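Order of writing sets the chain letters: A, B, C and D. Residues in each chain are counted from 1.
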Amino acid sequence: MAIEGFTHLICFAAGHEIIRQGRRDLTLARLTPDLVYDQMVAAGCARKLIFSWLGNPGVGSLHAVRRAIEGGGLELEEYSHFGMVGRYVAGAAHLPFYPLRSYAGSDLPAANPLIQWVASPYAPGDEVAVVPALNPNVTIIHAQRADTEGNVQVWGLVGVQREAALAAERVIAVVEELVETEVIRADPDRTLLPGVAVTAVCVEPYGAHPSFAQGYYDRDNAFYRAWDPISRDPAQLDAWLEEWVRGVPDRAGYLEKLGPETVAALKPKPRPSGSVDYGEYS
Amino acid sequence: MAIEGFTHLICFAAGHEIIRQGRRDLTLARLTPDLVYDQMVAAGCARKLIFSWLGNPGVGSLHAVRRAIEGGGLELEEYSHFGMVGRYVAGAAHLPFYPLRSYAGSDLPAANPLIQWVASPYAPGDEVAVVPALNPNVTIIHAQRADTEGNVQVWGLVGVQREAALAAERVIAVVEELVETEVIRADPDRTLLPGVAVTAVCVEPYGAHPSFAQGYYDRDNAFYRAWDPISRDPAQLDAWLEEWVRGVPDRAGYLEKLGPETVAALKPKPRPSGSVDYGEYS
Amino acid sequence: MSGTPDELMVAAAAAELAGVRTVFVGIGLPNAAAILARRTVAPDLELIYESGVIGARPSRLPDSIGDPALVSGATATMSMHDLFAYFLQGGRIEVGLLGAAQVDRWGNLNTTVIGPYANPAVRLPGSGGACEIALNAARVVVVMSQSPRSFVEHVDFVTSPGHRHPDGRSRPAWAGGGPDTVITQLGVYRFGTDGEMQLTALQPGVDQADIDAASGWPIRRALA
Amino acid sequence: MSGTPDELMVAAAAAELAGVRTVFVGIGLPNAAAILARRTVAPDLELIYESGVIGARPSRLPDSIGDPALVSGATATMSMHDLFAYFLQGGRIEVGLLGAAQVDRWGNLNTTVIGPYANPAVRLPGSGGACEIALNAARVVVVMSQSPRSFVEHVDFVTSPGHRHPDGRSRPAWAGGGPDTVITQLGVYRFGTDGEMQLTALQPGVDQADIDAASGWPIRRALA
């Protein structure tokens, strides 16, 4: 499975619910495992990571993941960012591989035999790196809004959310708010995924905290920094999971613990996109 | 060279200026040559077409192009739509080829030896069709608006405009209107091409007529239908080019001939997209 | 039931879309059929156009598949790359609606040339998206006019592959189901398990002699 | 001129961006350098972030390369696919700014592991976009801290290729120019025509003995 969202719109609500359900032996794909997979690895959910950058952005390491790797308890399948992007693209496009100009002269292909090469039929001797399609059983994405038909809209960074979702057998979209279909249809360019491609929509305001939702709330950089000492100490980490994940029944419980002051402090001032005219043609 | 825009935003202003300049021996790429290339072929600008669908949409044939083909005076290089899309994608991505699931069992590869096959390294016997990169010397696109930094925004159908532009050595964007940079920066998701990827911007209102600009003016379907008898008769066609292209100094002259009533009749009623909030973070 | 030949074809094609969720629509009769189906037998039908539109709600019958009325009020617009790669090739299209100038018994479609490719008697529009629609949609419904020049023993050019190439090659393993139904002004045809076309229904007022007179090979019968 | 080691590196890296139009920015010191450069020596500099932002005008120094302040007011946002495929791989990036835990004389960078890959002493973050930045940017500027553990005879893992792999393989024909400059708290290094690193400038207050003490091989000198 994959929980995607590059820095933006990382669905912690889903990660926490998976921890509460006590899932085990998951293969977790994500470009940047981030805190959400550090927490899931610490909780014992994961057997394997498929990834391209393993850190706490701007802070340092994901200590639970590092301990699991250095202890030999976590299998790794490693790419570069563009390799991971390509895996989802190939998966979404029903192609066996995605070609990219990377890896030549790097030790990554030696570390990961799934990185292969194909010869260009247009230039003798020109070999292009390829990565295989990735088709998660489930992809969970977070988004700003959806309607009851399952049409999902995002603005700001979209990362690999469209490709990761369309590569999956099932797609769960968690959104900040439900809106009328007419709001969606007024601006079809903003639709990341049409309803025909979405299995389920869940409404979970602030479900991406401590990551952010453009226009809704800021990245909680203080929490990302605070995570470093927590994650460094297994006992502290377990206590954190007990208190903030297993100790609350759902996302509403987490938000209540977080408190209205923290939530309010993350709210940005408004900055409207402005409106464009699609025209009414009849 | 390529003048791209799928049904939407076809830059007739550029096509007409190329005819006025008396250009010859051009290789013209476009998914749907449409009336713009029918006119350029009739005017003797073209040596070769690279294309995937050759017709007057909803009407019938491009008669000038058909005459040139049936007379042997125009070289053809033919793909399917997705093959043409893939050629631009590979060109923009500096890849030698683009892989797609098409052409198996079709006679198109026999008609065009540039359509080739590569073997997947992940499944023995699985062959994937590939098309080669296409890198036009110049791509001309039409768009709704740009700023003086060359950032170009489009809404509605984007077709292959981003890929065709980024595949080219030089990119000319013709726009309906110039706006303040702050208008562009208020909604970065709408940017088709950032200024760093654009060689020149020209402001030419109604420059896509008789095709359309979403929210600005409708497709002139009456003109598309009227083109059929004009294009069918070489003498009529030449008279049309004399009157509407060579007989006017520039696009303003064309618009003046078109007249304010035709222009007014193509104006849609407003249908606003609505505004979203990006948030001001500081 | 009566109507013009076009109306008969549109009604029969719309009936094929009953309960369908996603249809990839070409211009002309397919477009009219899809719009009719959504208003009648398939209220949840999402009209998907190769120009980059999903879930169009056109306020008028568009002349082209890239009409502005398809965009305003649609659920999604996207680049042709994303639409062809992730929706069509990605296997999310239940029905592809195609037209053709020629069809053979295996459902191979020609929209490229009449006569030899290098020196055609008539140059037709070519593939557009038809080749990939024929290969990637879960099933293909063809709407076309029937005559001895269109229902032929051998198509002059295979633009969009059917169940078997004239040279004997079969469909690749990754492909969708291919031609499922051919609808003409004379009849409705489906394909046997061996991939050969068979007549399954006559349009109102049509008899076997009309079919025979308009076919370039003796079409197998499988009337209900 | 004086400052902390970080300030020295940021200032030197910003100077490398004079007159540059497009820079692909990593987090940390590269980000600070790019923002400083745009305010000083490169007013037309477009900051491009792998998260999908072009032309960011951040109102604050962001903690991450996907900060919301990079999006609000940017000239363009796009999918990571389009950014990596059409801008980085498409050859539109003049300078890629990278950090690293280890570098060797050929400019090979390691951000993956210290020790063997299968059983690392220290697991580092890995490539992110660095491997493709190193191969596709027109030139690469590296900003890193120098010590005998970071300037090494042999990197433990080549994450991002330099001018020559330790096994002797050269750069592929399609690749960009590769490492151009390495900036540390002690010096500024460039690469000879044979691809070997050479010291071209000392940071203020640094002498040759400091360089020697912080290098795992005798670095060639080419001081102005």
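Observations, loosely collected:
Rule of thumb we're sticking to: a contact is a pair of C-beta atoms (placed from the backbone, for glycine too) under 8 Å apart; a residue touches a chain by one contact, two chains touch by 3 or more.
A quick note: this is a predicted structure, and the numbers were derived from the prediction, not measured.
Traced through touching neighbours, the fewest hops from chain C to chain D number 2.
When chain centres are defined as mean Cα coordinates, C lies farthest from chain A. Just to note, of A-C and B-C, the chains joined by more C-beta pairs in contact are B-C. Computed from the mean C-alpha positions, the centre of chain B lies at a distance of 39 Å from the centre of chain D.
One inter-chain figure worth recording: chain B and chain C are separated by 26 Å, centre to centre, where each centre is the mean of the chain's CA atoms.
Centre-to-centre separation between chain A and chain B, using Cα means, comes to 36 Å.
In chain A, the residues that touch at least two other chains are 89, 93-95, 100-101, 126, 156, 162-163, 186, 189, 214, 218, 268, 271, 278-282. Listed for chain D are residues 53, 67-68, 71-73, 77-78, 85, 89, 136, 174, each touching two or more other chains. Taken as a contact graph, the chains fit none of the simple arrangements: neither line, ring, star nor complete graph. All chain pairs that touch, listed by label, are A-B, A-C, A-D, B-C, B-D.
If you check the complex, the residues on chain A that touch chain D are 6-8, 31-32, 51-55, 57-59, 61, 66, 69-70, 72, 78-82, 85, 89, 100-108, 110-111, 126, 156-160, 162-163, 212, 214, 218-219, 221, 224, 268, 271. Taken together, the chain A residues at the contact with chain B in this complex read 93-97, 99-101, 116-123, 126, 128, 130, 132, 144, 155-156, 183, 186-187, 189-190, 214-216, 218, 268-282.
Chain contact summary for the complex, chain C toward chain B: residues 27-28, 50-53, 62-68, 71-73, 77-81, 84-85, 88-89, 108, 112, 117, 119-120, 123-132, 135-136, 157-162, 165, 169, 171-172, 174-175. Taken together, the chain A residues at the contact with chain C in this complex read 89, 92-95, 149, 151, 162-163, 166, 181, 184-186, 188-189, 191, 193-197, 278-282. The part of chain D that touches chain B in the complex is made up of residues 21-22, 46, 53-55, 57, 59-60, 67-69, 71-78, 82, 85-87, 89-92, 136, 174.
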